[in-house]
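Labels A, B, C, D and E are assigned to the chains in the order they are written; within every chain, residues are numbered from 1.
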Amino acid sequence: MDLMLFAPEITLVLTGLAVLLIGLFLPTGSKNILGYLASLGILIALLFTVSSLGTQATAFYGTVSIDALSQFFKIVFLVVALLFAISGIKYTEGNSHTEEFFTLGIFATIGMMFVASANDLVVLFVAFELASLATYALAGFEKKNPRSLEAAMKYFIIGSLSAALLLFGISYIYGATGTTSIPAIAANMDVLVSSPMGLVAVVLLIAGFGFKIALVPFHMWAPDTYQGAPSVVSALLAAGSKKMGIVAAFKVFIVALIALQAEWQIAFAILAVITMTYGNIVALNQTSVKRMLAYSSLAQAGYISMAFVVLTPMALGGGILYALSHGFMKAGAFIATAAVVYMVLSENKDSTDPDHIDNFRGLGKRMPVTALSMTIFVFALAGIPLTAGYISKFVLFSSTIQAGFVWLAVIAILNSAISLYYYAKVVKYMYFLPTNSEKISEPLPYTIALIIAVIGVLVIGFWSEPFIYWSMEAAKVLLIPGGI
Amino acid sequence: MMPILSMIVLIPLIIAALILLTKTKEQARFLALTGTVIVLLLTVYMYFNFDSTIADNQFVEFIQWIPSLGISYHLGVDGISMPLILLNAIVLPLLIIFTWNDERKSPNKFYALILATEGAVIGVFTALDFFLFYVFWELTLIPLFFLVSIWGGPNKHHASIKFFIYTHVASLVMLLGIFGIYFAAWNLTGTPSMDIPYLLAQFQFIESGIAKDMIFLALLFGFIVKIPSFPFHSWLPDAYTEAPTAGSVLFVMLKIGGYGLFKIMLPILPFTASPNLMISIMAVLGSVSIIYGAFLALSQKDLKRMVAYSSVSHMGYVTLGAAGLVSLSVSGAMFQQFSHGLIMSVMFMSCGIINNATGTRIINDLGGLAQKMPKLAVIMVLAFMASLGLPGLSGFIAEVSVLAGAFVNLPAYVIIALMAIVITAAYHLWALQRAMFGVFNEKLGTVLDINGYQTFSMGVIAILILYFGLNPSPVLEMMLTSSEQIVSLMAAMGV
Amino acid sequence: MMIPIVFYLALAAIIFSIGLYGLMTQRSGIRILMCVELMLNAAHINLVAFSSYNGDLTGQVFTLFSIALAAAEAAIGFAILMSLYRMKDTINLDSINILRW
Amino acid sequence: MLNKEVSFTLMGVITSVYNYLKPRILGMMVAFLFLAVILVAVFSTAWPSLDQIPQNLEDQSNIQGIGVLIFTEFVVPFEILAIVLLSALMGAIYMAKGDDK
Amino acid sequence: MAVEDLAFLIPLLPALAFVLTFFLGKKLPTGGAIIPIAAISLSFLISISITLKLLANPEMVIHQSYNWFAMFNIGILVDPLAAVMLSMVTFVSLLIHIYSVGYMSHDKAPSRYFAETALFTASMLGLILSDNILQLFICWELVGVCSYLLIGFWYEKPSAASAAKKAFLTTRIGDVMFLAGIVILFSDLFKIFNGTIPEGVYILRFDEIFTHIPEIAAMNANILGMEVSHITLITLLFFGGAVGKSGQFPLHVWLPDAMEGPTTVSALIHAATMVTAGVYLVARTFPMFIAAPDSLMIVTYVGAFTAIFAATMGIVMNDLKRVLAYSTISQLGYMMLGLGIGAVIGAEAIGISLFHLVNHAFFKALLFLCAGSVIHAVGTHDMRQLGGVAKVMPLTAATMLAASLALAGIGIPGTSIGTSGFFSKDAIIENAYLFGETTGTWIPYVLAIVAALLTSLYIFRLLFMTFYGKPRTNYGGHESPASMTVPLTILAVFALFFGGLTSKVFNEFVSGTFVNNFVNMDINELATIGGYHLASHGHHHEPTLILWMPMIVALAGLLIAFLIYGLKVVNMDSLVSRNNAIYKLLYNRYYQNAVFTNFFSVKVIYEGLAFAGSFIDRGFDWLVKWTGEIMLEAGESLRQFQTGAVQNYATAVIIGVSLLVILVKVVMEVL
């Protein structure tokens, strides 16, 4: 066994500990360095991951596997973590608890990465909980802000509930199959297939993962938390931990529970339709941009869930590609919002809802880079061509038609048309509505994070071939019977 | 050989980006003019090297893009797209000149958006890959959305959002159709390809008749909305009216709906399960648009809105002509696109000038403008006459070709269209009489005639309207070649 | 005679449902936390029961991990509630709904 | 007199029961629904189990097995759990701590 | 270079003159009148020499044809019919242009005037020269638009702008019918060729059309249950176009209003360039009409009815120009009647009708120019304010008298003494009699005779009221300058003597058009397609009374006018003030304005249909808006689920889990 396979995770653990320890000895004023350190560590981990793209291995008695799927999602998580860390540099400026912020973020990322490479339900569950627990505290990071606390509280309670549901579901699967190893479960499905327990277990697991993915009706925490939590943390939640739910669901359902395909396909079909429609419609008249992004994130989760319904290599590839694109787009959009929030708060410390859409008025003049990036992100989210959002929708929706689910594709496409309204509204506020406020200098870390995200969005949209290739490779991992 | 098509697509886009960096109006408009003139020169060069006797795609460029999905960068022009590219290339520099002395906020963005639209529209006309086609297709939306939203009239937000979402929905439905044909071909041959000519050729091998009809209708819907045809026109009056003059002209240049009709719909029409039904649908839409648009134009009080509705009416000829399936009617419909672009540009420019000069576009508030604006009056009368289909001007060639050609197969629909001609004349003359003739309305204050730049650009287009009315062959020739090929396909299928 | 496994399972299901009921009806944050613990414990019962009936230790290991997790979770939960209490002087969750719609 | 008093208390009981149930009735129904779903599934499943109780009742101690498992097969979750606990610790301390100053 | 090679210059020179005058006219004296005058003079010279050449060589036809686009060509065709028209148009137009130099000398924008008239003339000449129906239609429309521009020449006058619009729109109705005819014709020919038209065949060229008349006649269309031959349909539609252009009932309403332009424009429209186009169209496509006897019948009746209908209105009008306008309509009715009789006499009808057309051009131009001269000098065209103008403007009065005699058709039957109008109108009325004899239908003849009486009545009424008697108001006035009187004199000579001198030659020459056609065809054979036979040629011997009848009624009209307006035997005022129904009906022009303009076009089309349309459109708009609003509403309601209370969220999760289990189960059962 080659420990180098876990170089990214190890790097991250060391970075997290280093940040924590160094932070203890630094005065509040000079804790900025921690952010750079964390970013550097994540970047190194990212480079390790990218360089090992294509490796295939299992380790630790088959409980952890490294393959195209896990590597792909690790890249997603690391990219989001990188954006989180870079923008966090600005966010934590002057804060005395910088080390907690970054360490928790990094630990959450480790959890997500282990979920991506988990090959055993125990690993998956524990890693899942790591990602959750670390982010509970992050969501409440502004502990003087009642919104942030409320967000953390709701996130925590619903999170615990879904952890319980997940564990409950896992327990039945364990009971029926006698094992927690994902490939072994797939081989021992007789009991579950022949009894209604299979369906119950599936639904319990869907509830558990659906909490992270934010599928209706397990989504209720998401708008509140995304809105209340610090924007940078919302970026991590929406762009990162949501994908963790998706990759976990991919592994558990498509690899382990493939014998119950009929059950969860129907369940996901129902949830996908409800989720995308609900998310889009409710997003229409939101006045808080973060809340709007949260609902839009529901809708996107609905689109991605279509992959479970269609279940062709192309659809899964599309879903995986969508996850990557969504990581860039949504993280970027939240970071842009973070920049606006920063701007509003720097002008008026007591602003109660700094992410109100009115604060975006004339942003095109006040913060041109942020506004332009935000425009690109929302257009990408809406699926305008030459962006990552388009190519992912293209692959995903077209595969839906290919598989004959025309009705589903029609619903999805109509939904994506509706979504244009609220995305365009943001653009309208940024560019067309007048403001009397002055242009301000944009905080550099936010700008860097935004530019990285914009580059990601555009590169995927334009030079899609390698991304499509790798997401298809990742999808193949899922569809080889019995996993690795 | 130089990649001339890539150049005419990319140069406007690159220059648009450059214009964004400029600081003053002078720099912006100079760059814009340079860009459009370069495109014009390249297009003229291409036009003279274009073989109008063959219907094949010419100046083809092909580069693999996303091989795993069969997507490539494939460009080419044929007799359908060449005239439309020419139209854009001609009108855009004139549009820049037309706006030369206008005062407006952030001129750099304004000119950048105009150039971006040009690049995107030409991109649609040259794309031979569905993916690329759709990319450009959507790309045309964004600059226009901004143009309307930033420099539009009082109702601009409503209009721009409506236009954006309405046409976006249509594009998405079209995308569904594209997916349909893409996967049907993929399943048939086992290799993915987004190549337009290839997919169109594969269409006939699709087994399921329902699938073929659904694909056809989905694509048709996408194009029909863009044309726009009754009953999917309701985005148009708002968008055309609220847009700034340059935006309206760009809308008029946006002939991508009709282009899709000829380039994509007609070649697959004979292979649908029920071609006669499809023809009837198109014919009904076309003829109803003609008469409906005419009546609506008649009831308008706002000059620009009237012109917008007249556009619905005129574009009905495109649909009807395409449905006519006689080489004359099909090429007439193509020519209608070309001629309509020229005529409507002048019409909208006139509306813009009147609005600027008098502060109103309500026809009844105007009056006697010809006394104060004789130059405008001359050009406007010419444009209005062209628009109502006066022989000797380009509109007539198109209309008569469509009507005569389409009558062979669709007599009843042509009769409906013929009835609209009188209405068409009525609203044009009514507007002219109220706005330009009669006693000058003193409330309008001091009214100045058009300046030299405006005279030049409108005059050149007016001369072109006259020229193509007398000698349509330079563009009609290649249209005929293309349409004959399309029609021979029909004949082979016995449609 | 062996007690059939369904008894354990039924017990777990009932305990889980009680937890759910509490979660849905209680107002106090502490009680809600307790209900969550109850639900987790119901799952643990399941796991242990299955473990011993399957003759496989995985379930028990899993339970151990899970108990640790539950403890960690409780710690964070109480911490959050403490912060809330400090700010609002109440842990009545009904009164905490600034974020809605 | 007596009747009246009885009926009064009866009404009182009903009212108080009603008042008690009113905010909880939905929770109850949902919890019962959930319970019913689970129980139906549990009872209609043929759970695999060892045919008989393990022979050697004295040898039921599984601590050793668990220990082995934790350090072989489940070493990864164990390591992760370490991080979980660390982050829970950090998070809890951070959240629970009072004013910085 | 032979003169026939210059034929293409005939329309081209005035067109060129238009361009030059339009751009340079302002800088030249008299608005650059010299340019169109020179151009039209040249055209006239070419035309007249071509005509003479054709006269000398009856077999000769000038035909040049070039590819235009698709299966259409542009070309010129000069046969006797065209040659005569060309000469007439260039001649009359030339005189009017010369006259205009004086007439328009005080106008603000003479250069625009001359440019537009030049284009007007050019379009008309192009129309005449066309060798195919499409080109003819194009020029036809150009004529229409020029008339629009010229009628609305003084566009700052709202009435002028409105009259221009009315003229254009009304003729447009006819034009659409014409276009429909062309479209049907095209599709018939297209089908005859099975959709593949050989290279070099231009299917809308007259020779192609005429060659395929039998096939077209064999096609039938079912219209409202009636089997109608395509040839009938097409010719009727063509005639519809002619009705619009030539001001036949019921599309004549624009013509009287067209007086809003300068009087010279009226002269051009009424005499030379516009209204004759309709007659020319029917003559040009006469072989088709011959094959469609039903159409010819309709032509006959419409013509005859128009002749009397317009004449009745002519007798009550008080506006100098209006009387003349109604007179034009009435005379055009005669011409149509003349063509319609072709059903009996065949190709000779063209000669008769064209003869009247040419003569009419002379005297009507003269009438208008005289009226213009009076208006120019006096400043009013209300006859009630005039009277005794002859004393002030003797030359004008004299020429006017000549023109009136020509219009009334005074002459001695059986001899070659008589005004131009006498010969041509007499021929038409005589043939109407022949028509009655052959078909047994006397209505056209009766109408024609009565109309002749009315014609004489209204024109002499005009003459007496305007030129003789005592002035009713104080008006200044003087004889017009030479540039105006010289054309008057020339026209007067033609109005008086042209007919008498050329009567025989003209008829033979023009009637030979389709005999010596560039496509060989026998008119009689075409008639058999229509299912009838033409009356045998040869001399008809009408009763003497019939021969003298036109003369008698003309004199009767003159007498009545003299009694009422000259001698004032009957008090005109009492006639008017008696307020009787007939007078009111006539004076209000049969209330056609109320019906056509106010009711039909304004109420029905504009207010009714257009607003119904806009209502429907609002419906579509509303639908789009409603879709959006319902979405927003739905969003607003669905938001309410997110109550903010975490227990509710938990409840939602549990309900979701339970329901999802049940739902999936149900769906699986159903599937």
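The rule we apply is simple: contacts are C-beta pairs under 8 Å (C-beta built on N, C-alpha and C of every residue); 3 or more make two chains touch, one makes a residue touch a chain.
The model shown is predicted, which means the values in this text are computed figures rather than measured ones.
**Q** Find me the chain with the mean Cα position closest to the mean of all the protein Cα atoms on display.
**A** Smallest centre-to-centre distance to the global C-alpha mean: chain B.
**Q** Which chain is most remote from chain A in terms of Cα centres?
**A** E
**Q** Per the definition at the top, count C-beta pairs in contact and tell me whether D-E or C-E has more.
**A** Between the chain pairs D-E and C-E, C-E carries more contacts.
**Q** Taking each chain's centre as the mean of its CA atoms, which one is farthest from the centre of chain C?
**A** E
**Q** Per the centroid of Cα atoms for each chain, what is the distance between chain C and chain E, given in Å?
**A** That pair's centroid distance is 96 Å.
**Q** Provide the C-alpha centroid distance between chain A and chain E, rounded to the nearest whole angstrom.
**A** Centre separation, chain A to chain E: 77 Å.
**Q** Just how far, in Å, is the C-alpha centre of chain B from the one of chain A?
**A** 42
**Q** Using the average of all C-alpha atoms in each chain as its centre, how far is it in Å between chain A and chain C?
**A** 26
**Q** Specify, in ascending order, the residues of chain E that touch 2 or more different other chains.
**A** Within chain E, the residues that touch at least two other chains are 628, 639, 642, 644, 646-647, 650-651, 654-655, 657, 661.
**Q** Tell me, which residues of chain B touch at least two other chains?
**A** Those would be 165.
**Q** Taking each residue of chain D in turn, which ones touch at least two of the other chains?
**A** If we look for residues of chain D contacting two or more partner chains, we find 26-27, 30-31, 34, 37-38, 42, 47-48, 73-74, 77, 81, 84, 88, 91-92, 94-95.
**Q** Per the touch rule above, enumerate the chain pairs that touch, sorted by label.
**A** A-B, A-C, A-D, A-E, B-E, C-D, C-E, D-E
**Q** Applying the document's contact rule, which stretches of chain E touch chain B when the two form their complex?
**A** 68-71, 134, 137-142, 145, 148-149, 152, 155-158, 160-162, 164-165, 168-169, 172-173, 175-176, 179-180, 182-184, 186-187, 190-191, 195, 601, 605-606, 609-614, 616-617, 620-621, 623-624, 628
**Q** Could you pull out which chain E residues touch chain D in their complex?
**A** 647, 651, 654-655, 657-658, 661-662
**Q** Could you please specify the touching residues of chain A with respect to chain E in the complex?
**A** Within the complex, chain A contacts chain E at residues 153-154, 157-158, 161-162, 165, 196, 199-200, 203-204, 206-207, 211, 216-218, 220-221, 223-224, 262-263, 266-267, 270-271, 278, 281-285, 418, 421.
**Q** Which residues of chain E touch chain C in their complex?
**A** Where chain E meets chain C, its residues are 639-640, 642-647, 650-651, 654.
**Q** Which residues of chain A touch chain B once you look at their complex with the stated criterion?
**A** Going through chain A, the ones touching chain B are 379, 384-386, 390, 394-395, 397-398, 401-402, 406, 409-410, 413-414, 416-417, 420-421, 424-425, 428, 431-432, 464-465, 468-469, 472.
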